[in-house]
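Shared chain: subunit A. Partners: subunit B in the first complex, subunit C in the second.
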Partner chain A sequence: MIAAHGLTARFGATLAVDGVSFSIAAGEAFGIVGESGSGKSTVLRVIAGLHAHWSGTLELDGVPQSPRRLRPGGAAQMVFQDPYGSLHPRHTVDRALAEPLAVHGIAAAAERIADALADVGLAREHRFRYPHQLSGGQRQRVAIARALILAPRLVLLDEPTSALDAPVQAEILALLQRLRREQRLAYVLVSHNLAVVAALCERVAVMREGRFVEELAVADLRAGRAEEPYTRQLIEASRGYRRR
Partner chain B sequence: MTEGTRSWQDWLASDAPASRRQARLGEAWRLLRAFLRHRLAVAGLIILGLLLLAALLAPLVAPYPPAAQHLAERLAPPGAQHWLGTDEFGRDILSRLLYGARITLGIVALVTAIAAPVGLAVGCTAGYLGGWADAALMRLTDVFLALPRLILALAFVAALGAGIENAILAIALVAWPPYARIARAETLTVRRTDFIAAARLMGASAARIVLRHIMPLCLASVIVRVSLDMAGVILIAAGLGFLGLGAQPPSPEWGAMIAAGRKFMLDQWWVGAMPGIAVAVVSLGFNLLGDGLRDVLDPKQR
Partner chain C sequence: MTGALLEIADLRIRFAGAGEVVRGVGFALGRERLGIVGETGSGKSLTARAILKLLPRGAAMSATRLAFDGIDLLATGERAMRALRGRRLGLVLQDPRFSLNPAMSIGRQIEEAWRAHRAGSRREARDKALALLEAVRIREPQRVHGLYPHQVSGGMGQRAMIAMMLAPDPDLLIADEPTSALDVSVQGQVLSVLDEEVSRRGMGLILISHDLALVRSFCDRVLVMRQGEIVESCAAAALASASHPYTRCLLAAQAELLA
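Right, the complex of A and B next:
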């Protein structure tokens, strides 16, 4: 589905992503963990075509992409970290979901919108609300519905739960798990939270200062079978503070 | 309050609208209620409502035809016959003011209809595209901003020829640059947001993003600025009329009327003062309205 080799991305003079290689099969869920500033979100934005200053090779569905014309179109969609900033403040839920359909000239918009809302567990009464009339969790559901309404095969998740309270986080994670099973989606999930990645993904890359430190299966992560000291450190930190 | 009025208000204020129309009307209802809480803004709206009424009903309410001359009654002071007096040709000043409201409103409406969309389009396009498009469009804007508005309008009218149509065109040509500036500034604050990134990701074209996603967000600031600028537009129109470059006699344009009153300022003050008061009151109305709109529409203060 995606194959990247020596992917490098810059912000001006700073190197955000430094020669990263990975491949993701159709229907697979791949996690990238790392601390803030490690470049993990930039990897997502490059795949999404939102960051043009990159080099290296990137193939989507076997088609090589170039930085100037990277248009994943409907094949890849993204869910952003902050549900308060990812919905247009003057568009109702209905309008937010109608827009991608209108862009792609898809008919029967009304039914598809109703289905998409039902898929993410929103009631009919939410359909004509503005974002300011919704809670954070409801907004994130709308953002997920907007990403899925074009029936993508790859969904890019940029810290989809980190702006939400703990109980809502669990709901959104369960929703993402169910949707992936039902719609055979591939995920690239970026998070600083090992628990979130472990819940959703099969394979994890640990990222630090623009490079992949280690790539391992989630089962190994859970069992604490990490080779790199930095990964062990992250696992240790995720277990929280313990009295010695 | 009866049962019936409650239910339609509940319908408008509903948290769970059942249709696109209800959602849109509900949002308008919230804005209207916020606006009505602002007393001075409502006063401004009433002034402008009266102006609109005067313009629409001028033939019905004006006591005399605006160009009818009664040389026997020339320069009559305000009184029972002529409430606001007569000018040097014996024309009733009140009637001329009422008909002049049409010209003033026409100028305001046309200038808004030309300048606001142009400014909005230039600013949003420059802000969203960035790079050389931004540089080219904004340097052009700077050229217009660098010259004082009245002087530039004067130059345009002088080049195009005197007359009300050319005056409107000239005012519109000098009025758009501030709107372009505001629209660009608003665009820069939203172009990097996630909801615009999402629109790009769904494959929306740049034109669609600018028109449907960015412009609606810039519109509020531009509307506020336009309503605050209207007083200035009326003054420039009156100024051009005063200098003889705007509306031509016998048209009852307020600026031209003030210019005619200049000759009699000391002995027959009402000839110049009445249209002057009209200009001042209407300008005040627009300013009060603009202030209220800023409080209601400005997204930063919500």
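Right, the complex of A and C next:
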């Protein structure tokens, strides 16, 4: 699904991603965890074709990509952290969902919109509402529906729950788990939160200062079986303070 | 509740247009560690700022009781509040890059914090600053004393900030997300400095954080805030048997990792 080798990305003179390599199989959920500024979101933006200043090799579905011509096309879709910022405030839910269909020239839009809303657990009456008439969780459901309406096989998730209230976070995580199972999706999930990554992924890369310091199975993460001191620090911090 | 370091009853904070954002908060604090945990917008930081009467412009506050060591803060004017802030009530904020003065060396800032509240010579202030830098485990206090905030790391800056707040020997320290802007590799160190100094000095501490795991492991008692209200108040050790659905949800989110 994705094969990246020596992926490097810059913002001007700043090296945000420094020679990262990984591969993700179809249907797999891969997490990238790290602190702010580690470069984790930039990796996602490169894959999504939203950041053109990169080098290295990147294959999506076996097709080599170049910074000038990156075509994730209908195969990859992205969900952002903040549903308040990622939906147009003056477009109804219906319009937000119709647009990707129109862009890709897909017919029978009305039916697909109804199905997509049902898939993410929204009711028919939500369809003609504006974002400000929805709760944060409902907005994130719309953002997920918009990503899924083109039937992608890969969904890129950038901190999809961190702008939400704890009970709503749990609902969205459950929704993402169910959708992945039902639609056989592959995920790349970026988060600073180990618990979110553990809930959704099988494999995780720990990122720091633009590099992957360690890649491990989520089962090992849960059990605290990490090789790198930095990974252990992350795990320890997530468990609270230990008095010495 | 006589003898409490801090007493708050029915604290309300409202913003014109936004309505009430802190809705009837009340608690008492002794010389203990109290954690206030909640998500963005829960009102936890505003509650802390209300104790110092440092609310943002446009915020209106009321309470039936707001007292620090028996002093009625509601009846205390700005001049007297300034004497309390720093001297008896310290505040450590999230990001040392924004709370330290960028144009003054770290040592001078600590000296100034001490001299603002204590009578003493420059020499004494300098000795005190060096001792404080050592207390917060800065290895070369002499060298760091002369450095400016941009020349030190986030973790060192935050320890300097703590040193500055400890300089006048306050009775109560309020730490608002003191480690969340720091790299995880230094968070533990900053916390253990805070831990040691609070114990050694027998101060009261209010630790404000969105991180339930941190608060329950660091504090004696925990308040859980949501949408401007306290939904749970219990001993940190009793948190596992907390009953409120919201608290249960926060606990479940954390347990995800250990499942």
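Going forward, the second predicted complex is superposed on the first by the 240 of 244 C-alpha atoms of A that agree within 3 Å, B and C clash if a C-alpha of one lies under 4 Å from a C-alpha of the other, contacts with A are read in each partner's own complex, and residues count from 1 in each chain.
As a convention for this text, a residue touches a chain if its C-beta (ideal position, glycine included) is under 8 Å from a C-beta of that chain, and two chains touch if they have at least 3 such contacts.
Only a predicted model underlies this, so the values are computations on that prediction, with no experimental measurement involved.
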| item | value |
| --- | --- |
| Which of subunit B and subunit C A:Phe80 touches, first, second, both or neither | first |
| Which superposed partner A:Gln133 touches (first subunit B, second subunit C, both, neither) | first |
| Which of subunit B and subunit C A:Thr92 touches, first, second, both or neither | first |
| Which superposed partner A:Glu125 touches (first subunit B, second subunit C, both, neither) | first |
| Which superposed partner A:Ala237 touches (first subunit B, second subunit C, both, neither) | second |
| First, second, both or neither for A:Gly210, with subunit B first and subunit C second | neither |
| Subunit B versus subunit C as contact partner of A:Leu50, first or second or both or neither | first |
| Subunit B or subunit C, by number of subunit A residues touched | B |
| First, second, both or neither for A:Gly31, with subunit B first and subunit C second | neither |
| Partner subunit A, residues of subunit B touching it in the complex | 15-20, 22-23, 27, 193-195, 197-205, 208, 212-213, 216-217, 299 |
| Of subunit C, residues touching subunit A in the complex | 39, 183-185, 187-188, 191-192, 195, 211, 213-218, 245-246, 249-250, 252-254, 256-259 |
| In the complex, subunit A residues that touch subunit B | 48-50, 71-74, 76-78, 80-82, 85-90, 92, 94-95, 99-100, 103-104, 125-126, 128-130, 133, 143, 146, 150 |
| Complex interface listing, subunit A residues touching subunit C | 35, 165-167, 169-170, 194-196, 198-199, 221-222, 230, 233-234, 236-244 |
